[in-house]
Amino acid sequence: MSGLYASGLTCIKRDRVLFDDFSFNLNAGELVYLRGPNGAGKTSLLRILTGLSSPERGDVTFNGVNISSNPSLYYQALIYLGHKSALNGALSAIDNLRFWLAQHGIQNKTLKQISDIDSTIYQVLEHLGLVGLEDVPVRFLSAGQQRRVALSRLWLKTATVWVLDEPFTALDTAGVILLERKMKQHVADGGMIITTSHQALSPEAGTHRCVDLEYRF
Amino acid sequence: MWKWLHPYAKTENAYQLCVTLQPWLWLGALLCLAVGTVWGLAFAPQDYQQGDSFRIIYIHVPSAMLSMGTYVAMAIAALVGMVWQWRTAYMSMIAMAPVGAVMTFIALFTGAAWGKPMWGAWWVWDARLTSELILLFLYIGVIALYGAFEDKQQAGKAAGVMALVGVVNIPIIHYSVEWWNTLHQGATISKFDQPSIAPEMLWPLLISLFGFAFFIGAVTTVRLRSEIVRREMHRPWVQKLAQATSENS
Amino acid sequence: MNPLLLGIFKRDMQIAFQQKAELVQPLMFLLMVVTLFPLGVSPSPETLQRIGPGVIWIAAILSSLLGMERLFRDDFIDGSLEQYTLSGMSLPAVATVKVLAHWLVSFVPLLILSPLLAMFLNLSVDMFIALMLTLLIGTPLLSLIGAIAVGLTVGLARGGLLLALLLIPVFIPLLIFATSAVDSAALQLPYHPQLAIIGAMLLLAAAAAPFAIAYSLKVSQN
């Protein structure tokens, strides 16, 4: 039972049933593109899949283990990027990422390429086109640049499950292609991704399965 | 031991329970309040010191006791909701809150009215009155917090935390205020420090205490019913119920 | 301390010192509120001495309410709180560290300012020592209990005033015991019973509040 399984999920927000008895699975090497109109509960579903919110009914299991029974095991294998960037505006990109990596227990050994965390962060930021902006407080960066800093986590932490909520927001075309290629590569390496997006994914992102959420009354 | 309670986690069952209990609670409230207040206000003997003005205890004491009791009941409901993840528990907590707040207000109002002949002032910083006032603030906090959230389920949980924080504080507040009062007012005789109460005064008091309790229960069930219906408006069982009611009328 | 928690502590301190204005403003508010009393009530030394402990404590509570929101607001708005939750660290421990950092940056300056306030309100040396002691044990209690309410209101658009409504009644016992300790000191009476009660409340809060804070943060994020 490898992969992320959700069964019988019911979510009620503001006394409106967003989805009822919703089941879903995400297997290794799969990219799931979650579609649905505004207010259909895409974000709520993603938050339930990460364990940030708890569903009214139903459970989520990862590799056969309920995510609430052993959260730290699941969180090691998870990256969640939500609407919010989780970057403190007063700190620089490098400070923010260094802190995030420490928080998520990334030791030197996890980053195989280079033992030094800082130089890895610099490298990733360079790859994402943020040269020279590493030490600037994040609030001085543009929305697209902030998004790139937030996304750099995908390059920094080795995790199987990616839960991405609108990752393409504010990105320019080059940024979108960069991210889609990274997603394709992650899937090819046996990772699993669930993502939402305003626009359809381009062929750069590779093959993907669409899951639709309907707006319910 | 608590298994019998579990079905009431479902809103339908809780609603049905309210429907069943409601007439009995109203009947109890009507009977006890009628007997207790009439006996207390008209027939119980006069107090040898305070004359007729003491008769306000038949309103004041039950409302003061039950204002505290309702807050504790809210905290218990919040705890039940937290432990067993019941939506109905949070709903009943919030159904009780305004009722308890009104009881607190009645206790404050009657206390102040009683203070006028007793102390010659409408408001005196008496220990119990002050505690009641702080209790009213706690009620206001819980109600305001509940109202501030748009997602009422989240609201219930948040208000529940606050109710629990408050209930831990009630004894601390009570004793601190009592102690503060003795420090600042010296040895004033509290109007409540009766050595003992005559049985012909006690009986009407007890009856009206029950009357108030039944009344709180009745109003709470009414509020809980409407809360359930409002929150579950789109559920099939509510729609069926609405249809049945409109067909009957 | 666990290096991860130490990291959070360092980060919070770093952020706090980059937002100095937010730290200084509540203190200035405190100073101004205290200044109002001699002007509004009476500048006579005896009156000031009598109302002084209460004035300082009330001003401290009010000014703490202004700065309290800072505890979790930024982390909630920018989403760091989500990442804390997803890091697998224990949320009560994170909350405790953040409360500690908050206490250090917002209440230790208040302790440093207190001699000035004591002088303004004509407190005797004994009273001042008692005041310092009550502030030292009492203000962590403000932070701990305040954090629960901040956790509950952090997701609300206009949580500021609501925070005050929730917290003021809860802080009343602390106010009573703290001011009475200082009053006892004025009369050369022992005031360790009051300190012991405040200490007991602090221990109770230290034991229970981290879990309540963690729970309320979860509710806010749900």
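Think of it as A, B and C in the order they're written, each chain with its own count starting at 1.
The rule is short, and it goes like this: contacts are C-beta pairs under 8 Å (C-beta built on N, C-alpha and C of every residue); 3 or more make two chains touch, one makes a residue touch a chain.
It should be emphasised that the depicted structure is a prediction, and the values quoted were computed from it without experimental measurement.
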Farthest-lying chain, centroid of Cα atoms versus that of chain C: A
Identifier of the chain whose CA centre is least distant from the whole-structure CA centre: C
Chain A-chain B separation of Cα centroids, rounded to whole Å: 48
Mean-CA-position distance for chain C and chain A (Å): 37
Centre distance in Å when chain B and chain C are each reduced to the mean of their C-alpha atoms: 32
Residues of chain C engaged with two or more neighbouring chains: 222
Chain C to chain A touching residues, read off their complex: 3-4, 7-8, 11, 14-15, 18-19, 74-75, 77-80, 82-89, 221-222
Chain B - residues contacting chain C, complex: 82, 134, 137-138, 140-141, 144-145, 148-149, 154, 157-158, 161-162, 164-166, 168-169, 172-173, 176-177, 179-180, 183
List of chain C residues in touch with chain B within their complex: 145, 148-149, 152-153, 155-156, 158-159, 162, 165-166, 168-170, 172-173, 176-177, 180, 183, 201, 204, 208, 212, 215-216, 219-220, 222
Interfacial residue positions of chain A with respect to chain C in the complex: 50-54, 71-72, 75-76, 78, 80, 82-91, 95, 99-100, 102-105, 137
Contact footprint of chain A on chain B as seen in their complex: 150-153, 230-234
